[in-house]
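You will see chain A twice below: alongside chain B first, and alongside chain C after that.
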Partner chain A sequence: MTLQVTDLRVYYRTLAGDVRALDGVTFDLADGEIMGLAGESGCGKSTLGNSLVRIDGRMKYVAGTVRLDGLELPIADMDRMDEFRFKDISIIPQYAMSALNPTRKIGRMVADLLESRGVRFGEMRTELERRLLLVGLTEAVLDRYPIELSGGMKQRMVMVLSTLLNPSLLIADEITSALDVTSQRAVAETLVEFRARGFVKGMIVITHDVSILYQVADTLTIMYAGKLAEKAPTSVIMQKALHPYTDLLISSLPEVGVRFDERRLSGIPGTPPSLLNPPPGCRFRDRCPLAFEKCAEEPPFVEVAPDHSVACWKVA
Partner chain B sequence: MLQLDGVSKVYRVGAFGGTGLTAVRDVSFTVRAGEVVSLIGESGSGKSTIGKMILRLIGVTSGSITFDGTDIARLDGDSLRAYYRSVQGVFQDPFSSYNPVFKVDHIFDLLRGTYFRDAGDADWRRKVEESLESVMLDPAQILHKYPHQLSGGQLQRLLVARALLLDTRFLVADEIISMLDASTRIDVLNLLGDLKGRGLGILFITHDLSLGNYISEKTVILSRGRIVEMGATGRVYGNPLHPYTRALMGSVPQLHRKWSEVEADLAAKGANVAGRCIYHAQHGTDGGPVAPDGVATGLVEAEADHFVGCFRPYLEGAC
Partner chain C sequence: MRRYFGRKLSIYLLTFFVAATIDWLIPRFMPGNPVQTLLSRSALPPEAVPAMTAYYNNLFGLDQPFIQQYVNFWAALLHGDLGRSVYLSGAPVAKVIMDAVPYTLALLVPAILLSWWAGNKFGALAARRALLDNAVLPIGYILTATPYMWLAIVVAWVFGIVLGIFPISGGYSYALEPSLTWTFIGSLLAHWVMPFASLFLVMFGGWAIGMRNMIIYELDADYSRYLKALGAPSGLIRRYAFRNAMLPQITGLALQLGVIVAGALVTEIVFSYPGIGKLLLAAVQNEDYFLLQGIFLFVIGGVLVANFLVDIAYVLVDPRTRLGMRGESA
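Let's turn to the complex of A and B:
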């Protein structure tokens, strides 16, 4: 078992009170699993990714444990997490490719980063060049400035960099969002390649684009308003989603081949509840076509079939 | 209703604007009333430049854009204002289209100041409410709020409502879906479909092929500023001929088919045209105008209502 997250709660402090962005999340990530994490903006998917790596001043750790390879991570402790970051658990934050220092050559930046972690750049150089070739870059990029690289090249560079020390867990947050479809495909396939070569053991791929996840992820986890709605193998979710939110979400996506004149798709009416003072009970209740009295109580996230967990009273 | 005829755009780049960058090269197509045309291309293909030229935000370098038979480059003053009464645009980021200091009503007030000086208060309120209802928004929930209190989908529909307040007959929708969440984007897309039913012509600019396929009658595929393939949506998607279109289709992530399956399917379909430039096969080797990089800029009709351009530089070897 690579990663075990149990009842993780992380809130954002605001003047108006705590925003419960991550409110009791429990899941396991198996060895070699690529887990896709999807949901609407503001559902807490990025907060989940960030919490596993770095809980900063705006965030407040409330409860929960995270175990990586059997060892409990001190996620609430900024300083003690330092020895795990980049070495055991690595993140590609959203917009990472736009955050490369524009005044430094890429090679220099890589050297700085490695040396800040106590790793000699010289020792890693051969491995670095080997991995750059693997993703279709040459060592010449190390002598370039970020502005000289295209979006797809920068994203692949960031991917190589963040997995250079073979972390157990890689969290990839919206790494395909700002790219053209051809670069999207290259980046997504690189993720699968990295796993096959054992550069990383497990991955959490966060995106709002379910169709990308269908291409690369083994399992899909759907989040809604700070909680997990459903987790199951990708093919199961695509064919037989159990949570009404998952079902509506997937059926609202236009596919190649579906035409407006022939089959009109519909969205999900309503908006997610505010997480400042979320209503009790199931948070999807107000938008759910299946809601009934029982939904005033909070549904537990339970396993209804092997590897298939759902938080819904109608199913459980 | 709207016709582009050999439109090109050269941007001046470099320290003193000494060098030219051709963003759009010899583009011609038409949009009829009640028709959605999707303009598909990757970043840098010139698709937004075309939208901006239609909205007269930038000028054309050569060629002409005509709306109902009038060349829009000649419009000024009153005639330009009349043009904007019929032609409007909505853009990608709904959050930056609003001034966060003002309530959302502000965008309607601005419009009133320019176009509806004579309208009385009650009249105006009724007009605004009607247009909100036509985009399926509840005026009571939307008006008098600040932009941050509304969702992206609501803001985007509000911008469409603003465009509809005028006698809009043509809408340029530039990536209006891209920033929205899955559960709301389909509502905005359906709205475009309904507008088309009311006789509007819509130019739907996007990089997402599945969205273009869902909504449009006609598809124009752009690559590096020129049209590589164009025609009825069913034909372009059902039988993509140009290597670039095929590569694009092969990379689109689909919901129920893996990339490898799509690729095998496309390879089977494309076997008969592989390695052969359809343009030069029909036109002979010296056919039509040629751009400085050796690519012929014209199109040939490969089948009924399905046009394709020269395969260079996506083909190995010469045409």
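Let's turn to the complex of A and C:
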């Protein structure tokens, strides 16, 4: 088992109160598993990804544990967590295009970063160049400033950098959203390639792009309003989803190869509940065609079949 | 790079040309006749007035056609001749200005550079120390929000009149003759402290707040967040943030330079400090064409030179401008 997340709760502090963006999430990620994470905008996907790497000042750790390769991560301790970042758990952020310091040559920045983490840049250089070639970049990029690279090149640079120290777990947040279709395919292939070469073991791929999920994800996890709705192997989710939300989400998707976004999803009537003071019980209740009395209680996220977990009273 | 600076330089020269022309035009359209003013002060017998008017008009070249005056102006300017001051009884303007310049520079240059340096240091420090921040922010805001005139008067009143530590007016004690003695240098210094300190304080507050806000912004920028996510130590992140936050401060310095000339004007007037600002006021009050023109030319030149220096500094620190230049010549 690579990753075990148990009852993770991380809120945002706001003046109006806590936004319960991640409210009790439990799942496992097997060794070598690429897990797709999908759900409507604002359901907490990035919050989940970021919580595993870095809980920043706006966020508040409330409860839960994260174990990586059998070791509990001190995710609430900003300083102790530094040791694990980059080396054991790494992220390709949603903002990869602007993730590089604009006033530093890329090579210098990479060197600064590596040295600051106690890794000799000189020793990594050959490996770095090898991996750059793998994503279609030459070592010349190291001598350039970020503005000299195209968006796609920056994206690939960040992919290589984030995985350079062979982390166990990689979180890739919307890494294809800003790319054209060809680049999207290339990026997806790169992710699979990275796993095949052992650069990373497990991966959580957050995306709005179904075609990418088909292409790379072994399992799919569907989130709704700060909670997990369903997790199962990709083919199961696509064909035999059990949760009513998953069902609606999948059926509202256009055919493979076309991206879906918020507008497409307006196919599901209603809007998700506010995460500021979410109502008790199943959070999907207001929009669920199958809702009944029992749904006023919160449905547990339980395994209904091997590797298939669902949070719904109708299923359990 | 050559091409870039060549182009910049020609833009500055063009600016200077246009500004100098406007500078030449403005006093000529101002109300009042300086020769008349001069004569009315000298209590001449009435029958001598027409003769003296003609004499002065000829001396200052005012009897020539407009265009000729303009050509003469440039010809003289290229020889470093700025004409003669009417109010200082025909003293060469260039010399009058050069006598005042050291005072203004001694006030401005340290005040600008030190406040910029200290303000940036302090602001950067405040951005990461809550305790300091809680002190710097209000003090900085109060300093920048205070009208300069008011602050200068308060400083003069507290340190000059109530505490009596520093003299409140002049560039040196009127009892002394300018000379290279310790007494005179001491007097110069004592007279310099308050105008300098008041200028420094006002600018310091602005820089400190600007830097603090920039650093906080940079520390939250995507590249900082990425480094944090990869576990980079805060030292590295702060180093990057500081460098990037300096860029707008350098531009700010260039922009300030223009405004600062006005700041010095008020300082010199409040403290009767014998610099360019005080001279400017005198020139206006006495409708002294040539002096006014000369001072404006000097200020224009100063601002342009300062901006050019900042351009060079900017190219050295920001790779993006260098790249822009490369793209241009390609």
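By our rule, the second predicted complex is superposed on the first by the 305 of 316 C-alpha atoms of A that agree within 3 Å, B and C clash if a C-alpha of one lies under 4 Å from a C-alpha of the other, contacts with A are read in each partner's own complex, and residues count from 1 in each chain.
We adopt the following convention: a residue touches a chain if its C-beta (ideal position, glycine included) is under 8 Å from a C-beta of that chain, and two chains touch if they have at least 3 such contacts.
Everything numeric in this text was worked out from a predicted model, so none of it was measured.
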A:V210 contacts which: chain B (first), chain C (second), both, neither? first
Could you tell me if A:R185 is touching chain B, chain C, both of them or neither one (first, second, both, neither)? first
Is A:T271 in contact with chain B, with chain C, with both, or with neither (first, second, both, neither)? first
Have a look at where A:T138 lands relative to chain B and chain C in the superposition and call it first, second, both or neither. neither
In the superposed arrangement, which partner chain does A:T126 touch: chain B (first), chain C (second), both, or neither? neither
Overlap of the chain B and chain C footprints on chain A, listed as residue numbers: none
Of all residues in chain B, which touch chain A in the complex? 42-43, 151-153, 181-187, 189-190, 193, 207-211, 213-215, 233, 237, 247-249, 251-256, 258-259
Chain B contact footprint on chain A (complex, rising order): 40-41, 151, 180-182, 184-185, 188-189, 208-212, 214-215, 238, 248-250, 252-261, 264-268, 271
Touching residues of chain C toward chain A in the complex: what are they? 221-223, 225-233, 235-236, 240, 243-244, 247, 317-320, 323
Could you pull out which chain A residues touch chain C in their complex? 50, 53-54, 56, 81-87, 90-91, 93, 95, 98-105, 112-113, 116-117, 145, 147-148, 158, 161-162
